Amino acid sequence: MIDLGKYAHTVLAAYGVSLVLLAALIWQTLAANARARRDLEQQEGRRNG
Amino acid sequence: MIALLIRDLRLATRAGGGFGLGVAFFLILCTLVPFGVGPDSSALRPIAPGILWLGALLACLLSLDRIFALDAEDGSLDLLATSPLPLEAVVAIKALAHWITTALPLIAAAPLFGLLLHLPGPAMPWLIASLLLGTPALSMLGAFGAAITVGLRRGGLLLSLLVLPLYIPTLIFGTEIIRRGQAGGDPATPLLFLAGITAGVVALIPFAAAAALRINLR
Amino acid sequence: MSIWEYANPVKFMRASAAVLPWAAGAAALCTVIGLIWGFLTPEDYKQGSTVKIVFLHVPAAMMAINIWVMMLVASLIWLIRRHHVSALAAKAAAPVGAVMTLIALATGAIWGQPMWGSWWEWDPRLTSFLILLLFYIGYMALWASVEDPDSAADLTGVLCLVGSVFALLSRYAVLFWNQGLHQGASLSVAPGERMSAVYRYPLYLTMLGFFLLFLALVLIRTRTEIRRRRLAALQAKEVRA
Amino acid sequence: MSLLAVHDLAVARGGLRTVEGVSFTLDPGQALILRGPNGIGKTTLLRCIAGLQPAIAGRIDMAEDAVAYAAHADGLKSTLTAAENLQFWAAVFGGGDSRAALAAMDLTALADRPAGTLSAGQKRRLGLARLLVTGRPLWVLDEPTVSLDGASVERFAQVIGDHLAQGGAALMATHIDLGLTGAEVLDLTPYRARPGQKHRPAGFNEAFA
Amino acid sequence: MIALLIRDLRLATRAGGGFGLGVAFFLILCTLVPFGVGPDSSALRPIAPGILWLGALLACLLSLDRIFALDAEDGSLDLLATSPLPLEAVVAIKALAHWITTALPLIAAAPLFGLLLHLPGPAMPWLIASLLLGTPALSMLGAFGAAITVGLRRGGLLLSLLVLPLYIPTLIFGTEIIRRGQAGGDPATPLLFLAGITAGVVALIPFAAAAALRINLR
Amino acid sequence: MSLLAVHDLAVARGGLRTVEGVSFTLDPGQALILRGPNGIGKTTLLRCIAGLQPAIAGRIDMAEDAVAYAAHADGLKSTLTAAENLQFWAAVFGGGDSRAALAAMDLTALADRPAGTLSAGQKRRLGLARLLVTGRPLWVLDEPTVSLDGASVERFAQVIGDHLAQGGAALMATHIDLGLTGAEVLDLTPYRARPGQKHRPAGFNEAFA
């Protein structure tokens, strides 16, 4: 493990918070996209079928 | 009852429901205050409890007109009044929904805003405690004001005028708790008073609000 | 074929589907490698290991501003040339920009604790970022509140225009109001002020990574918006029929 | 026993009496249609029977919690889906199968659509489906068929017929003919309130007139 | 143009028009602040300019939804848009009417509230000057926000969210004038900036607001 | 020269075209009545001609500031008196004798009443009196006779007749017969917009459908 010295908490907190925020954004983006695709396919299926 | 609560929460979180707007407004207010009074922590620290409470109060206030007005406009209120639910319960549930959608996120975010205003660390728990204890009274009194003004066209400013004076005791004891907690004093007395006010308001105001609604419905 | 052709939703869906895997892959590669590289850099003699925060802080801060500029451009394209996808791209970019602003604020605040001894100072740089966040929030709230999509696109476009002017104005007002603690731009060309190469190259890499990440996310989000709009359009036609 | 008995009722709107001296009874299986020119006070009378406003004089006898009221506004939330809207009212009135109610008003295909994206007629049908989930015997309806097309009006008449056959009753104000066989009609024109000395003024406007 | 101004002023002073509600709200706010931050003049004096400006700003804000919403509801806005008056002029006049009915009484009452908050005497003229110079920008920016949200059902909180960030530069320079005036410094620079902002806003925002109105009308 | 010439007009509402390919001209002294089922797009077309919303395609030729528009909402302020309401509009349109306009719609006796205390029909008459003070030649009217009783409709038809005789013109959407002799009728049903490939979408809903 690399030694972060006396600022370990600070550095880890900064990385932690940022990665959590990024992960949340990416997850939300993908989830919303999947949902929109599903709803649209349902609607188009209903129209054609 | 549960159904009504769930519906109101759902409406608040759907598009256009305004969930989170209260927190955003609170954030803006906390940003504006330093522009008004200056950026030094020595100027900000003593007024931080007051500003935080005022912010919570105003954020509450600005979302009050959603409690009954939308339901009155689309006819739901008539239907609720003829349903098996007593109107008092409807008022209480709607105030609870308002508290959950407006006050709860605000309380969760309050420590962050406390940081912005340089509220010292030891005061934080007291900030949370006072808000948790006091905001139910704000929502309930707000529901009363909203019930009184439900028939008016643009009742916003009038609503504020009616409701703000009712908020004064809550505000006073709420900030006093934080101030005493911050100074290392004993916040038990104001805590007790605040709890008493909230208990009284939650127990009695639904009846007054329901009466006001009945008058406005007929 | 002119570039405006891509404003057609169908063409955009096709083109973005082709670009997306590459953008996403490159974004993941650059961001991950850059951040790991940055994390392994040696300590700074003054700031200790906290200097590692720069690899998150600076790219995020940069993107926070650039994304707003991109939204401004997209809004102008919509207002002037009425390309629907352009309006949706602006809508799609806003949450990404808001999160970038949040990351810059959060890492800065965490950094400030050891450096300045407090979580938050009303330093002009920090304050202007807070104001930028407010503009992002207002922009997104307006999109969420207006039901008619055409009006929503127009109104948010106008708001973006006016908001840009006032964001800039606020920055000058804030500078006038308080003196700063925050360091100046150390990527500037002036020699002597530049940070050493150990930090510079991983920083460049994460900056590229964040940009690509933004690109990938905006493409996906725009595709989401296009699908939602198509769904709403089909439903509207059904009701009208 | 009758579901609803109204004796010598007088109602007021805006501080002035609209109709007075109205009496009728409604037994299970019976439908009564109120008629009268615009502004005579049909809506006011129905709101009074639904319990939304007090009567000025007279008596209304009925069981508690017997009324389901449907007015011009349907009380729909545009961001909730049709099914969610209906389920809410079913839960509030404690019962009622919302799936069956949707089917009865031919809304099954639209169940997952946000109510805001429905056309005016579809919204109205959803508002009427609410009656089926209330489980209440007495339906009080204010111009129920506004903005419904011909086929929907027929379907609605059939729903009412079923309700009456199951021992319910319906009181409606409407200007058009619903094709309900056996429904009685009450024209309110003769009951229009006459100015004159009353025992008790209906409100400020009458107290000072 | 004059006719429109007179009509708006008349409407504001008739029953239900809301004239004076702004001052009342301001008064409540100023009485709440000492409860929030404690009554010592040493605590109040440094924050007085900021509080006065924030109060003016919030009182302005709460009356904004009257600028266009009432006219939109009763159809007057459609008729005004088809009248010979350019929509930009309509916006400007309505902002002016809002300024006269809301900001002007507030400015007149401000020295009184300054006394309540222990603002020292020498700062008074600067208080008036900064408010006189800055509030037109507040009204005009508020009209812009009101134009954007005119079609929305309950736009109160959203309106605040959109408008308050736009108020930041005005607020900063406005309070800076008082602070410098109070400290005996030279308030010329912030005065100049404030005048510049107000001039720019008054000259340009009517076009943006008229564009927003046109979008909402169609 | 004609007061209004419309060429191949297409209008949209909610991002979808309603009617398209509409052409007509209106000369001084002429009245044109638009008809068509609910929701075809009459109101949309009138708003477009009044300049409240842009056309999607086609051309509208007319003099600037020629139109006086009257819609469902009368734009009355309930706390101002009838005379004050009218005087305001007279001042905005720069001219017009508001006294004469009140007399023409039989409102002289009510001139000093706050508009809020007028009945629905009286409010409507006041809204129509506004047309007389605009001094504009082309009246664009959307269901002008809603909630008017028989006598008022006749009076209104006479006001329109006078306007036409003085070289004005009127374009109206209405479902009932106004008894205007010599008015042409345009049924919009054949112009209902058909889906298909268009050069330019009318809005989001068409661009993505």
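Lettered A, B, C, D, E and F in written order, each chain numbered from 1.
By definition in this document, a contact is a pair of C-beta atoms (placed from the backbone, for glycine too) under 8 Å apart; a residue touches a chain by one contact, two chains touch by 3 or more.
To keep track of the chains, here are their UniProt names: A = Heme exporter protein D; B, E = Heme exporter protein B; C = Heme exporter protein C; D, F = Heme ABC exporter ATP-binding protein CcmA.
For clarity, every value in this text was computed on a predicted model and none was experimentally measured.
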{"item": "Shared interface partners, meaning chains that touch chain B and chain C", "value": "D, E"}
{"item": "Per Cα centroids, the chain farthest from chain C", "value": "D"}
{"item": "Farthest chain (mean CA position) relative to chain F", "value": "A"}
{"item": "Leading chain pair when contacts are tallied as C-beta pairs", "value": "B-E"}
{"item": "Chain A-chain D separation of Cα centroids, rounded to whole Å", "value": "50"}
{"item": "Separation of chain B from chain D, taking each centre as the mean of its C-alpha atoms, in whole Å", "value": "37"}
{"item": "Distance between the centres, which are taken as Cα means, of chain B and chain A, whole angstrom", "value": "32"}
{"item": "Multi-partner residues of chain B (at least 2 other chains)", "value": "15-16, 21, 24, 28, 31, 35, 73"}
{"item": "For chain C, residues contacting two or more additional chains", "value": "131, 134, 137-138, 141, 145, 147-148, 177, 230, 232, 234-236, 240"}
{"item": "Chain F to chain E touching residues, read off their complex", "value": "47, 50-54, 65, 67-69, 71-77, 79-80, 84, 87-89, 91-94, 130"}
{"item": "Chain B - residues contacting chain D, complex", "value": "2-4, 6-7, 10-11, 14-17, 71, 73-76, 78-85, 217-218"}
{"item": "In the complex with chain C, residue positions of chain F that touch it", "value": "14-16, 39, 195, 201, 203-209"}
{"item": "Partner chain B, residues of chain E touching it in the complex", "value": "16, 18, 21-22, 24-25, 28-29, 32-33, 35-38, 43, 46-47, 49-51, 53-54, 57-58, 62-63, 65-66, 69-70, 73, 153-154, 156-158, 160-161, 164-165, 167-168, 171-172, 175, 179"}
{"item": "Complex contact set, residues of chain C against chain A", "value": "35, 39-40, 43, 48-50, 52-53, 56-57, 60, 95-96, 99, 102-103, 106-107, 110-111, 113-114, 213, 217, 220-221, 223-224, 227-228, 230-231, 234-235"}
